[in-house]
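Contents: one structure, followed by commentary.
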Amino acid sequence: MDETLLHQLLNSVARGQTPVADAMARLRHLAVEDIGCAQIDHHRSLRKGFPEVIFGQGKTGEQIVGIMTRMIEQERVVLATRVEAHKADYITSRIEGARYHPDARMVVWSKGEIAVRGKGTILVLCAGTSDIPVAKEAYLTARAMGNPVEQIYDVGVAGIHRLFRYRRQVESASVLIVVAGMEGALPSVVAGMVGRPVIAVPTSVGYGASMGGLTALFAMLNSCSSNVAVVNIDNGFGAGYFAATINQPRQSSL
Amino acid sequence: MDETLLHQLLNSVARGQTPVADAMARLRHLAVEDIGCAQIDHHRSLRKGFPEVIFGQGKTGEQIVGIMTRMIEQERVVLATRVEAHKADYITSRIEGARYHPDARMVVWSKGEIAVRGKGTILVLCAGTSDIPVAKEAYLTARAMGNPVEQIYDVGVAGIHRLFRYRRQVESASVLIVVAGMEGALPSVVAGMVGRPVIAVPTSVGYGASMGGLTALFAMLNSCSSNVAVVNIDNGFGAGYFAATINQPRQSSL
Amino acid sequence: MDETLLHQLLNSVARGQTPVADAMARLRHLAVEDIGCAQIDHHRSLRKGFPEVIFGQGKTGEQIVGIMTRMIEQERVVLATRVEAHKADYITSRIEGARYHPDARMVVWSKGEIAVRGKGTILVLCAGTSDIPVAKEAYLTARAMGNPVEQIYDVGVAGIHRLFRYRRQVESASVLIVVAGMEGALPSVVAGMVGRPVIAVPTSVGYGASMGGLTALFAMLNSCSSNVAVVNIDNGFGAGYFAATINQPRQSSL
Amino acid sequence: MDETLLHQLLNSVARGQTPVADAMARLRHLAVEDIGCAQIDHHRSLRKGFPEVIFGQGKTGEQIVGIMTRMIEQERVVLATRVEAHKADYITSRIEGARYHPDARMVVWSKGEIAVRGKGTILVLCAGTSDIPVAKEAYLTARAMGNPVEQIYDVGVAGIHRLFRYRRQVESASVLIVVAGMEGALPSVVAGMVGRPVIAVPTSVGYGASMGGLTALFAMLNSCSSNVAVVNIDNGFGAGYFAATINQPRQSSL
Amino acid sequence: MDETLLHQLLNSVARGQTPVADAMARLRHLAVEDIGCAQIDHHRSLRKGFPEVIFGQGKTGEQIVGIMTRMIEQERVVLATRVEAHKADYITSRIEGARYHPDARMVVWSKGEIAVRGKGTILVLCAGTSDIPVAKEAYLTARAMGNPVEQIYDVGVAGIHRLFRYRRQVESASVLIVVAGMEGALPSVVAGMVGRPVIAVPTSVGYGASMGGLTALFAMLNSCSSNVAVVNIDNGFGAGYFAATINQPRQSSL
Amino acid sequence: MDETLLHQLLNSVARGQTPVADAMARLRHLAVEDIGCAQIDHHRSLRKGFPEVIFGQGKTGEQIVGIMTRMIEQERVVLATRVEAHKADYITSRIEGARYHPDARMVVWSKGEIAVRGKGTILVLCAGTSDIPVAKEAYLTARAMGNPVEQIYDVGVAGIHRLFRYRRQVESASVLIVVAGMEGALPSVVAGMVGRPVIAVPTSVGYGASMGGLTALFAMLNSCSSNVAVVNIDNGFGAGYFAATINQPRQSSL
Amino acid sequence: MDETLLHQLLNSVARGQTPVADAMARLRHLAVEDIGCAQIDHHRSLRKGFPEVIFGQGKTGEQIVGIMTRMIEQERVVLATRVEAHKADYITSRIEGARYHPDARMVVWSKGEIAVRGKGTILVLCAGTSDIPVAKEAYLTARAMGNPVEQIYDVGVAGIHRLFRYRRQVESASVLIVVAGMEGALPSVVAGMVGRPVIAVPTSVGYGASMGGLTALFAMLNSCSSNVAVVNIDNGFGAGYFAATINQPRQSSL
Amino acid sequence: MDETLLHQLLNSVARGQTPVADAMARLRHLAVEDIGCAQIDHHRSLRKGFPEVIFGQGKTGEQIVGIMTRMIEQERVVLATRVEAHKADYITSRIEGARYHPDARMVVWSKGEIAVRGKGTILVLCAGTSDIPVAKEAYLTARAMGNPVEQIYDVGVAGIHRLFRYRRQVESASVLIVVAGMEGALPSVVAGMVGRPVIAVPTSVGYGASMGGLTALFAMLNSCSSNVAVVNIDNGFGAGYFAATINQPRQSSL
C-alpha cells in the first residue's frame, strides 16, 4: 500500500464512508504493507527498481514457466538464471518472446526492446576464455536492467599488453566488471588504471590449488587497488545487478 | 607524456628541430610514460581522482611524516590509515593541520575545509558497538574524498526494529556501507530495503567460530540480496573509497 | 538389573539360598546390566522416550524393510530418514501403513493417528524455497513425536517484511526451528523477536563461498542473539527431534 | 503503538478531531513503532523476558560501569561477561552489590536474591578441569536467569565410569549443558543416557590439531545422539541463556 | 649384498684373486645394495616381514592380475585393497585361490591356510554399521598377516552401555583397532578402559560438518586418552597392518 | 572395588555380619566402582598400568605441587608435562626428588631408580634440532614408564645419508618414535627401513605454509609406508606413552 | 612495432613523407604495440621463446582442431594438454602428424623431429605408479621444448634404496622434476642429494587426509632442502615448461 | 669416504697391510660414508656446492656464534638467516668480519670479497614496500652465493606502469625473483613479459582474508603464466638459493 492508497483510506474514514472497523482491518498489517506487502512482486519493483529474478538451479522447467507466466503479466523484463539447456527448450517453447542464452545459461523475456536508461557504460572484462560464461551472465543482466554494456574478453595478466590495447575503452567506462579465475589478478590491474568502481567476480576456473574459486576470491579481496569490491564466486548475475545499481540515474528510483 | 607533449615532439621532428635519435630516446619509454610516469603522485591524482593513501601499519612515525610532507606540497587532502596512537602524537606535532581520529586510527590533513562534491549521501551503518572503529574509518575516508556522509550505529539484526526506525534515512541514501561482524547478517537486511548499492564490510569482531571475520565475510558474499558487494575484513577504508567512486559525479574525473 | 532385583539377590545371599560364588557371577556384570541391556530397542524407548530412527542413507530397501518390520512390533511410531524415492516405493509396498514424504525423503509409519502430547506449538520457518526439504524433515519429525507443528516458508531476510507479517504466530510459538542456507541470517532475526528457544538449521543451499553450508553454519554459531543453538548442516531431523525434547512435558518421560 | 492506540486514533479521525494529515504523520512510522520502539531496554525485557547482557570484551571498566548504572535503574538482574580481573576491581568498587566471579570472568548484580522461577533443574557437566571457566559462565548465567542449577566437573570420556557415578543426577535433570574441549565426545555420551535436551559447548582447550576448538565443535555437530544442539566455542553464556529459555515456564513470558 | 658376500669379496682381494679395480666397481654401489637391492620384492619381505600390498584403486583388473601372478611365485600371502566388484570378478576367475571380500573390497590369496603367529588377540571395534567396510578391511589385513583377530560392531557412544557388555573381551585384547565416523568419540572411551595400544581409524561416514572424515580424524588426534594413535581416514588396511606390527613376536622378524 | 573386596563383602553378608541395607548402599554404585572408582588414581594404575600424568599447561605451580604431593603417596613414578621453567623452580624446591628437564619442559619424580621392564628398545629419532624438545618429551615419558630408550637427533631427509649411518640401531629397535616438522617426511623413510611399528609425531616447527604443524601431520597420515601411526602435533608425551604400551610385556598388566 | 619500424616512421616524418597526424595515430597505441601486438602468437614466440599451449580442458575437439590448425601455420611445435581420449581421436584424425599420448592426455604436433637445444639433461622422477600420468606430462612438455629428458619412476620414500640405485643419473642431471602424491616427501630427499634445481610437483593421488593434493603441496613448500620450488597440484605441464626455461641456453632467447 | 680413500683401503688390503676384519669394519658403513659422511659440512659443500645455512630462529646468539666459528674454518661464506637485532649485536661483536643486514635479518660472513661466478643476472622485484625485507633476504642470499643481483622495489600491479618503466632490465635478467603479498599478482604479470624462469615468493603482508600469505601463495600457484614456480611464504632465502642453483654455471659443481 503506497501513500496514495493510505490517503484515500483515511479520507474515506474522515468522510464516514469506511467504518473504523474496516479501516482497522486494513491498517493492522500496515507495518508489513508499508515496507513490502502481500503482492510481493509489485512492491519489490517499486522498492528496489527491478523485479525478482528467478534462480533456476533446482527448479523444474514447469516451475520456471509457472513463475514467469505470472511475472510477465506485471513486469517489463523477466530473467531466469542458471537454467540448463534442456529446461530452456521447454521454457522457450512455452513462453513467447523468451530467449535462451546458452553461454550464460540465462532466459530473458522482455516486453519489446529493453530501453536504455543508464547514462554511463558498463564494461565487462574477463581474463580467459573459460571465464566467458560468467562474464556473459553479468553482461546480460546489466543489459536487461537497461544499461549500455560493452565487453572485452581474454585479456588476462599473462599477456598484460592485450589489456592495454583497450585502454581508452577501459578509461571511459562508468562501471567495470572484471571476471577472472586462477590467480584472480586482473581486477587489481584494471582498477589501477581507472578511478571508477571495479566489481571483481572470481570464477571457479582452474585446478589444483585454485580451490574452486577461493584463491581468486581471496586474491580479489586483498587487491592493492582500493576501488575494488567483490561478489561471490561465479556470481556474474550479482555483478551485473550491482553494476546496474551504480550506473542507473538516482532519480529513476532504481 | 600526454597528447600535447607528443604533438609538440612530432612537430619538432617534422621541423627538423629534434633529431630522430633524440626523439627515439624519448619515445622508447613512451609505453610507460603514456600510462603513468616518474612523478607518480601527480599522475595518480589525474588518473584516479584521488592521491595515494598512506598505509600506516608497519611504518614508523618518521616515515609517515616524511611521506606526508612531500604529498602536502602537491595534494589538497592526505590520509594515513592504521596509525597507532603513539605514532599519531609524533605526526600531529610535526604536520600542521594534521588531525588524528583515534577511533578510526586515521590521520587526516587537508588544505582548508574539504569541499563537498558528491551529490548523493553515503550512509554508514554498523551492527554493534565493536564495529564502530571500522565504520569510522569508512566514514572519514568517504568524507575526506568530498562526500556528504551520515552514520547510524548499533542497529544489528538481534533487534531489527532498531534499524526500521531509520527507514527514511536508509531509503534516501545514494550509497550504503554496512559494517558487521559475528554472523554478518545486516547487509542482507539493509539491501533488501533499498535499490541502491550496498557495500558490505565484515569485521573481525567475535570469538570462537567467527574465524577472525571469515564467517561474516562468507555470509556477506552469500547474501540473498543482489545489490551487495563486499570488501576485505576490517577494510573500512576500502569501503569508504569504493563508495566515493560510486557517489562522485562522473565528470569530476574521479 | 534394577534395585528390586538387587534387593532380592542380596536377601537370597543373606538367607544362604544363593551361594556367594553365584552372586558374584551375577554382580560382576552389574555395571553393564545396570546401564543398558540386551534388548536394546525397548530400553531406548524407556530411556529416551522415543525409539531409534532408521538412517536410510547407505541402507538398501530390503534392509530398511527388515528393520521396520521388527520395530513395528514394539513401537507406536517408526521413522526412516534420507530414503531415496526408488527405495521408498519398495518400502511402502511392503510395510502396510508406511507413508513416504518425497520432499523430506522420510518414511513414517504409525499405529493409528499420532497422538498430540506437546502443550506448546513448534514453529518451523525457512528462508528460501530451496530450504523446504530440510524444513519438512524437521516438521515431520516433530509431528511424529507428538507435537503440534506449524510452518512458514520463504521468509528470508532479503525481504524481511515478509517475516513480520507472521509476527503473532512467531511470538506465540513454544519452540522455533529456523532453516536457512546462503548467509544464514534468518535465525538471528527471528531470535531477536522472541524469548523462546530457536534451533537454527544451516542448509547446503548456495554456491561459491557457501562452502556446502559451512558459511550458514558459522553465521548461526555467531548469532548476536543468545537464544539460538545450532544443529548440523541439513539436519532437519535433528532439529525436529531436539525441538520435541524441549516441547514435551517433562513428566511424559520423553 | 498497540491496538488500543490505533483504535483511538482512527476514532479521532472518524470524529474529525484529528486531521488526516496528522494521522498520516503518525501512521507513517507505524511499521517501526509496532515492532519495537525508542526505549529499547524496556521493550527487550518485555519481548525476550531478560534484559540485554553486557559483553565486556573490548569495553573499558568506565564504559561497563556507565552501562550498568543505567540498567540497574530498570532491571532486577544485570550481567557483564568476559570481564578481566583488573576491570572487575574497578567495577565492583563503584557498583554496590556487584559481585565478580573470577573463574567465569563475570560480574553479576541483582536486586536482592535472584528468585528461582524454573521448575526443572539445569545440570552443567564438563569434561576436564580446563573446561571449568566456560562451565562456570554457563552456571552463573542460568542461575542469574532464575533457574535451579547443579554442576558436575571433570567427568571426561577417558574415564567414562566417573560419569556413571552421577547417573541419577544426570537422568533427573530438565536440561543439560555439556562442556568439553579436545575431542568433544562427552555430549554424545551424556545425550545417549537421557531423553532431555543437551546443549553442547565446545571449548578451545587443547593444542595441535584441536584447532582452537573447531575439532570439538565439529565433533559435537556430528553427534550420533539426536538430542544435542550446539553453541559457539567457549560460549558458556549462550549455553546458560539457551538452557534458561527451555527451562522457564512458558507463561512467565521469558 | 649381505655380509657373507662382502666377506668373500674382501678375502678374494686379500688373496689377489680379485683385482682392486674390480672390487672397487662392485663396492661403488654398495650403498644401494647394502640397503635394498635389485630384487625388490624379496628384500621387502626380508626387511619388513610382509610383502608389498597391491593398492587396487586406479589399477585395471589386468594390471592387478599381472602383479599378483608375479608375487604368488615368491610369497605366501598376497593382498589387493580397494578393488571394485567388477575387477574382482576378473581377478578371481584368473587367479586360483584368490578370494574376494566385497564388504572390505579386498582380494586375498594365500598358499594354504594362513598360519597364526601372533600371541595376543587383535580386537576390531566399530561405532556404527556404516563403519563396517573399513573395520572389515582392518580385520582381513590383520588376519592375513597371521594374527588372531576378533570383531565387535555397532557399539557407538550414543548407547555406551552396548560397549560395556563386551568389557572382558575389550580388556583381554592385545591390540585394539577402533573404527568410527561422525564425532569419532569411540576410541577415547575404549582407550580409557584399557592399558593396551588403541589404533583409531576415522571414517568418512556422516554428512554436513563431518568434512569427509576430518572431524573424526581431528577428534581422535585430540583424544584425552594417551594410549591412542591414529591412521588416515578410511585406512582400515593401515590399521590392520600397524596392529600386526605390534602383535607379532619380535623374533619372527616382522 | 576389586574382586577381593567384593568377595569379602558378600561373605560378610552371607555370615550376617553386614546387613543387607549396608551392602546395598555399597553395591549401589558398583557399576561405577567395578569400572573405576572414587579413588581414581589407584584404579587407574590398576586398569591402565600407569598413573595419570599431570598436564601442567594452565595450572599454577601451587596446584601442581598439590596434586604431586597426593600422588607421591600412592605411586612410584609421577610426571608433569608442559611445565614452564618458573613453575618448575617452585615445584622442585618443594617436592623432594622431583627433577626438571627444561628441554622437554617435564618434571619427573620417582621412588628410587625407575626399573626397566620393557624387553625391546624404544628408539626416538628427530629430523631437526628444533624438534628436540618434543623428542625429549617422548624420551622421558617412555623412560619413566620403564623402557630402555635410545635417541638419534638431527637426521632429517635433506641429508638422508645421516640417517643411514644409524641403520643397525634403527633396525634393532622394538618400537620407533619419529619426530619431524616442516614436510614431515622422516617417518615414511624410517618406516620403509623396518618392519616394526613407527609412531610419527608432527611438530609445529616451520613457518609460512607449515600451518602450525598441520602440514607435517597430514603428510604423516598419508605416509606411503603402512607401519606408521600418528599422534597429535607436538605430542611427544603421547608418543612416548603409546610406545610404552607397545613395548611393555603383556603380563605386566600395563 | 619493433625499433626498426619506429626508426623508419620517424625518418619518414623527418623527411615529410608521413604527416604528423598519421604518425600520431600510429604512435598513440605504441604503448601496446611496443609490449605486444595484434598478432599475439608471433609476438609470444618472440617474447617467451615458445608458443602458447592449448589448455584442452573445457574445449571441444572442434575448437582444439581450429586453434591447432591456425597455430600450425606459424609454429614448429604445438601442444594441447588435458585432452580426453575421445577428443584426441577426433583431433588426430584431422591434424596430420598430431600424436596423442594417452597417459599424459597430451596431443603433440611438430614440424619434423623436435630439435634438441638444451645442453643439460632434465630428469623426471616420480614416487608411485599413480603419479606417472603427471610425470609423463612433464616429460613430454620438456621434450617438445627441445630438451634431452630422462625418467625414473616408482622410487618413493617407503623404499628409499630404490632411489639410491639411480644416484649417478640423479647427480648428473641439469634440472630435476620430482612428482609425488600422498606425503610428498620425495623432492626433499632428492634435493638433499644434489645441488641443481629441483621442481616439485604435488599430485592429487591418495585418499582421506591427502586433501586432493594439498598435503603433498604443503609438504613440498616446507621442504627442508633449499633447492626446491613448487608448481600447482597435478601441473606436470608447468613443471616441464619451467624446467625448460632453466635448461635452455640463454642466448637461444627462450 | 671419497674414492681416493677407498682406493687406498683396497690397496692396503691387497698388500696385506690391512687385515680383512679391519677393512670390513670400515666398509660396513660405506653405504653411509659413500653418500655423505661424518664431517657433514665438508661433504655438503662438495655435494651441493654451498655450505649449510644457519637458521637463526629459535637459536641463541651463543649457539649461532658457536656454529659460525666452526664453519668459518672450513668455508668461504657463512650465512645465518632470521636473526633478530639483539642477537646480531652479540654475533657481530664476536665474529670478525660478520656483517648484519637488519632489513633482511641476515648475518653474512665471507673470506674477503665474494667472487662473482654466475654469468647471468638475477633480478629481484617486489610489489610493495612491506615486501622489502623478504626481497632483501633473497638478494643477499643470491649475492652471497656468487651471483650478480639487481633489485627493483615497489612495482605492484595497482600501478602496473611503474613496472613497465623497467622493461629492459626485466627482459635482460637471467632469473627473476618476484616477491608479493596481498593478492600476489605480480609474478604472473612479470612472467608474461619474459621467457626466463620466475621464482614467486608470497609474503604474509596484508590483513583480513590475506590469511597470513596463503592467498598470495595460492594465487601464485595458479598463475596463468607457465614459467613460474613458487617457494614457501616469506621464504626469501629459499628463493635466492633456488635462483642461484639456476644461474650458476653447471661445471662449477654447484
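Read from first to last, the chains carry the letters A, B, C, D, E, F, G and H; within each, the first residue is number 1.
Simple rule for what comes next: contacts are C-beta pairs under 8 Å (C-beta built on N, C-alpha and C of every residue); 3 or more make two chains touch, one makes a residue touch a chain.
Not measured: the values here are computed from a predicted model.
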For chain D and chain G, the contact-path distance works out to 2
Ordered by label, the neighbours common to chain A and chain D are B, C
By C-beta contact count, C-E versus A-H, the higher one is A-H
For the copies chain B and chain D, the interface residues, called same if over half of the numbers are used by both and different if under half, are different
Per the C-alpha means, the centres of chain D and chain F lie apart by a whole-Å value of 40
Taking each chain's mean CA coordinate, chain A and chain B are separated, in whole Å, by 25
Touching at least 2 other chains, the residues of chain E are 31-32, 35, 159-160, 164, 167, 193, 208-210, 214, 217, 221-222, 232-233
Full set of chain pairs in contact is A-B, A-C, A-D, A-G, A-H, B-C, B-D, B-G, B-H, C-D, C-E, C-F, D-E, D-F, E-F, E-G, E-H, F-G, F-H, G-H
Listed in rising order, chain A residues that touch chain H in their complex are 127-128, 156-160, 181-185, 188-189, 191-193, 206, 208-211, 214-216, 218-225
Touching chain D in the complex, chain F uses residues 29, 31-32, 35-38, 40, 44, 57-58, 202, 204, 213-214, 217, 232-235
Within the complex, chain G is touched by chain A residues 130, 159-162, 164-165, 167, 207-210
Chain E contacts chain H in the complex at 6-7, 10-11, 13-14, 16, 20, 23-24, 27-28, 30-32, 34-35
Chain E partner, complex, touching residues on chain F are 35, 47-50, 53, 119-120, 164, 167, 174, 193-197, 199, 217, 221-222, 226-233, 237-239, 241-242, 245-246, 250, 253-254
